[in-house]
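In what follows, a single structure is set out as structure tokens and then discussed.
First chain written, first letter: the chains are A, B, C and D, and each begins at residue 1.
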Amino acid sequence: MLNYRSVREQTLALTKGLSAEDMMLQSMADASPSKWHLAHTTWFFETFLLQPHLPGYQVFNPHFRYLFNSYYDAVGERHPRPQRGLLSRPGLNEVIDYRRYVDEKMDELLATLPTSLKPVLTIGLHHEMQHQELILTDIKHALSLNPYAEGLTSASAVKRHSVTDHGYTEFDGGLVDIGHAADNGSDDNFAYDCERPQHQVYNAPFALANQLVSNRQWLQFIKDGGYQRPELWLSEGWALSQQEQWQAPLYWFKKDNQWYQFSFRGRHPVILDEPVCHVSYYEADAYARYAGARLPTEAEWEQAATAQPAKAKAQGQFLTVDTAHHPAMPVQSGLQQLFGTLWEWTHSAFLPYPGFTPAQGALAEYNSKFMINQMVLRGGSCATPAAQIRSSYRNFFHPYQRWQFSGVRLAMTLDNEV
Amino acid sequence: MLNYRSVREQTLALTKGLSAEDMMLQSMADASPSKWHLAHTTWFFETFLLQPHLPGYQVFNPHFRYLFNSYYDAVGERHPRPQRGLLSRPGLNEVIDYRRYVDEKMDELLATLPTSLKPVLTIGLHHEMQHQELILTDIKHALSLNPYAEGLTSASAVKRHSVTDHGYTEFDGGLVDIGHAADNGSDDNFAYDCERPQHQVYNAPFALANQLVSNRQWLQFIKDGGYQRPELWLSEGWALSQQEQWQAPLYWFKKDNQWYQFSFRGRHPVILDEPVCHVSYYEADAYARYAGARLPTEAEWEQAATAQPAKAKAQGQFLTVDTAHHPAMPVQSGLQQLFGTLWEWTHSAFLPYPGFTPAQGALAEYNSKFMINQMVLRGGSCATPAAQIRSSYRNFFHPYQRWQFSGVRLAMTLDNEV
Amino acid sequence: MLNYRSVREQTLALTKGLSAEDMMLQSMADASPSKWHLAHTTWFFETFLLQPHLPGYQVFNPHFRYLFNSYYDAVGERHPRPQRGLLSRPGLNEVIDYRRYVDEKMDELLATLPTSLKPVLTIGLHHEMQHQELILTDIKHALSLNPYAEGLTSASAVKRHSVTDHGYTEFDGGLVDIGHAADNGSDDNFAYDCERPQHQVYNAPFALANQLVSNRQWLQFIKDGGYQRPELWLSEGWALSQQEQWQAPLYWFKKDNQWYQFSFRGRHPVILDEPVCHVSYYEADAYARYAGARLPTEAEWEQAATAQPAKAKAQGQFLTVDTAHHPAMPVQSGLQQLFGTLWEWTHSAFLPYPGFTPAQGALAEYNSKFMINQMVLRGGSCATPAAQIRSSYRNFFHPYQRWQFSGVRLAMTLDNEV
Amino acid sequence: MLNYRSVREQTLALTKGLSAEDMMLQSMADASPSKWHLAHTTWFFETFLLQPHLPGYQVFNPHFRYLFNSYYDAVGERHPRPQRGLLSRPGLNEVIDYRRYVDEKMDELLATLPTSLKPVLTIGLHHEMQHQELILTDIKHALSLNPYAEGLTSASAVKRHSVTDHGYTEFDGGLVDIGHAADNGSDDNFAYDCERPQHQVYNAPFALANQLVSNRQWLQFIKDGGYQRPELWLSEGWALSQQEQWQAPLYWFKKDNQWYQFSFRGRHPVILDEPVCHVSYYEADAYARYAGARLPTEAEWEQAATAQPAKAKAQGQFLTVDTAHHPAMPVQSGLQQLFGTLWEWTHSAFLPYPGFTPAQGALAEYNSKFMINQMVLRGGSCATPAAQIRSSYRNFFHPYQRWQFSGVRLAMTLDNEV
């Protein structure tokens, strides 16, 4: 079961090494400043637990209701998203005080928390874990734009191993249960509304690649003209790649005829035996076409993930303060990396499951109003807290977005005669 | 079986009443001038049949390869789409001559057409029928922007009848065959690549509304604040509707406190007993939420359509020169309007079916490179040639687009416990 | 004295060779369709003379007040400028009828025109001559975007002569009268409000180049890296040239390593002994810096022009139906080309003269509301009617605009010690 | 004579009360972060004095050459201006260290500074003073966008006095010397290149308003529909004011039917007896038209300013740490406020004087490449260091810009018959 204080402390721990100035940075409208994440996750507990349920609670600062609401129309007006980087005030110190204040009040509330409020607590902690990941993805993007910024972690030696042939694992398909079973109210069985209800889907026989696509393979794609051949691309992806002059994944750059990348280790040559990361759906899809394969559907992915032994998740590369952000390719054989390492683009649009009912109240806005124009990603990444991930978890981003820790797993239909 | 000359003559017939100047109009990048449609459909036969297969064929004008290519990268460079309205030259007369020239050469080729080319002929004719519809939708949009333009057809009397209660029809769901069976090469069994392969889908029990949503109902939605309530809308839809200041369907406008619409009849008060038309996916989805329902999936729609008697399609309101463009609501009971009347937005993204294989050659670009960010519409409209429609037909547009003849049919999941 | 019928016929004569479709073209918001120019100039006479002053006058079409108002707020709302190309209706035939109708009514009015209205008639005719020039500049721009459009005139042989050294003519400067003397109400003494009042300006001693800069010289500028050297450019000009990727004047393009241009003769190699045309202020200014010179001020230009003999203007290259659009360099010595050939960019901003008073009524909007962000051009071009030009005439365009017939004359300050 | 250490300390003193986070803010591309100003002014001395002239000088950080170059093409590539707010690194502490390091090295250099370098030192100090003013204008804009930011100074009591009639002062005009006399190399006679050479201008007789337009008068303009009447505005100004929905000067807002403003005192009701501030050229020009007057030309302004007694400047409201930013209207009679209080928009475009020669080397870029599309402002403001101002000083901004301390003085031509 999730521990309130542990989750909260983990969030702060992630900002170790960042200055108050770093934590102001907002490098694009899609991203938010670290300071804003610290405040917004706190606002969530204040707004949905303390204000309605702790008798006599006094808000820390009445302006924060406006400043740190992300997108909840039901809560009221809010500060424009693209201007979050302009909030020098409150300063970081005040936001830290805000966290401390809310944490102390939460201790009071938690001491006598009625069972009926446990689901809100749970969602608040999962929400905070989502923002832990965003703190990392957003600061990575911001620092990458500073031509002389160094990385955040030491440039630890990377084990270099050679992957010879990773192959595919086959599945029979059939009528399978997809989605999370009905929530029983305990936080051990937590799932977002969009993962429910569990329902039947018919999968045709399919195969999943055992490993994610590597940087080595991606370099070959580049050498083979992958970014110059329109026939490999979706039409909108091609237009965007031309307009933005994509030649490689985000954070890659060429110097003296060699490919480098910006990572939390700083700027360094691309490491061939790492999985390719920070690619858009458009690139993932183009690569699959190039490779004579396709991306998996989310139902295929979930069928495969559900069939894994429990230890598969336990062995996944997830967020920890020390080992984070350096995903590596496995040396074992068989289906690998389903949990953690990188988010895997699927071929499925983020749409409601049959019989979907949104959460009630303001939290109805949590997922359901974003069910258009986005594709599902599965599995979690090295920047994802392990406690957040389960085989039914549906992450979603627009096909053009690249700043998440997103990678590529190939799939194939085994038999296209019905 | 489709007749080449009939299809071609129908295209020209649709431009009756349009001047050479009207046929220059391009009112937005999504739309094309009528003259361009006349030339592009001709270019299709010239490029994919006459040039490769008619011995000694001389192209009508070598520049047309560039000017009238729509989006086929495999054919080469092409004129920028947003500048199609700047092609005063070739003039309409020259384009008419081009059509005549190609038609005569096609007569030669058709006299001895080998079986292996029949599929290309068939796709060319279906392609032309798609553009017949676009001629209508595009000129409607263009003329609507001329504040004093009159309509194209006489303002025939509209039968005014009152629809009391149209109700729903229930379906059991289950494992159903979706998609078009394998193409046998005859044009009687034509389908686009994206409709194949036939495959199994599991539908949960569902119900479909017997009729499309009417203008009368839509007016109630407006009166109930449908365009002012963010909780009814997808987030991106709400942002767009605010930005574009949507208050009603496209072509509606308010004068002296009454709603009018622009149609092929000109400008006139909204006719309450017609189905609501020219709504985006965002509006259709918001209306469904308002009505406590949802949009159908394409598999649900196809299951229902496949179950209809053959006469259902025969009775549909499709494109004919005289009766076109004035869709009306039926007075009968039971499931109505599945074929024709209006395109029906579904809740399904336009993505490849399991085992999908694109057509070969340049025609691979026909559908598959558009499989992102678009939603499927089903059934055809009063601007669609009947010969083009079958229960497996998948039309697709972006969620923001409104200038097609698109309407709304509601659906419900009957049992959301699996 | 200007003849109403002659001016009007000249306007129509300029559209000889254009189809109704050509006359629909609007290739950018700065330009208007030829048909719109035909209608707008007619609207001017209808609005400012016939409606207020011809008893019993019935407007030709009440919608035209809205459709063909250019920018007169005092006349009321108007059709959005960027949508002028969407007016397929009224058709060209109806616009021709409109012209004929207004011309007949004008005959009636002119028969008894009171003296007090003569200034309005005069301004209407000068206004029409300004639009004659715009018909040419706008259609040239539109046709240039059609990759296969031919020219409008025959490719007459161009006399090729070699200009060896054209030199400068010096002026003493001093306190000079600038601007047009008070209007005496006759149309022989016509001037726009912005040319008045006549006032004193002190010119330091200066010199003007005897001839315009030629294409030959401009090619040398290109070869010397003129478009790649930021130190030659104004900062905003450099930014724009980079963004728009300017490498040469508008309408020039490179093929097989040779420079071509689009002109009314069609597409042909750049003719070295023609004056360079279709350059922006930014380019003109950069060239002057490259040449160690500067552009003239408008007061310098006017001092020089006033000193010319009357025949200088009579010999100028102005608009005539036959010889138009092919400006050539003179072979004579001495100060040449001040009148006609090309508009000459000056170093002066378009601002009011001391004591300026705008025209009264709606015509106050004619010039004065544009007195910001524009630079003055002087002298007229081969597309300008001769009757429109006088030494005090102030034309004005934004520094980025290139589609007018604009060229470059250099100047120098002779003595910069005061 | 300017003292290096005093000027440098004044710059730092201005940031008292700002946090490191505040000093990161960049609220629009026109503005820069305070931290950037601190670094850039230091870079100026390092680049133009220490590197070329102090033997053995080691740069503080080699990346700063790129990061803190503003716009000098001759110095090389530079960080994109709109991304200055993304430079969390170097942190404020490092920038302070940079200043200290450069100041110490400058002490070394100054000890033996050859006469030939004194002009560069002087321009560096004047440059720094320009940025002192920008620190204030830029941070004011940034903080105004934080809905809950407080001011920077205490809300000192404002003397409320009533101005009854301020009237005009008349000038004869005539041939006058305008511009700064030749530079003699001493910093007591400093002027920018754009103020030279001195030259003759003929002014017609004119009158200048004795005082700036007040907030009281501006409120009357608002009440009289000044922001709703297109006939008062330049065409481009009107379009912009509509698009941006201007209803009042920048930093004004309406609450409970009263006008408030954001100032360094925080948010408070508009003070009627202060001069109106933060208006664009478009607004200044529209007000003048409304008032039946016009803006002065820069030659008129300079003629008047040159005629003032020396104490006029000494009494001006200029930047001082304590009294800054609260301009007040004078109670005296006669011509007031020419020096300090607010920058005064003139009717003159920023163009080179006759015989203008840019400064040599990289400093040629200081002024001359901006001589287009900008209007001249004269006199200095309450945010301008007094040492920076002289009667020949030419400030320049685009007509749309409002974030400088810019106000309005009216003028009239006394006799428009020459």
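Note that a contact is a pair of C-beta atoms (placed from the backbone, for glycine too) under 8 Å apart; a residue touches a chain by one contact, two chains touch by 3 or more.
All figures in this text were calculated on a predicted structure; none of them were measured in a lab.
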Which chains are shared contacts of chain C and chain D?
-> none
Far-end chain from chain B, centres as C-alpha averages = D
Centroid distance [mean C-alpha coordinates] between chain D and chain B, Å | 59
So what's the Cα centroid distance for chain A and chain D, whole Å?
-> 47
For the pair chain A and chain B, the C-alpha centroid-to-centroid distance in angstrom is 37
Contacts from chain A onto chain D in the complex sit at residues 19-25, 27, 63, 66-67, 79, 83, 85-89, 91-92, 142-143, 145-149
Flag every residue of chain D that touches chain C in the complex, lowest number first.
-> 71, 73-74, 175, 177, 197-204, 206, 230-231, 233-238, 281-282, 285, 294, 297, 347-349, 351-352, 354-357, 364-365, 369-373, 399, 413, 415-418
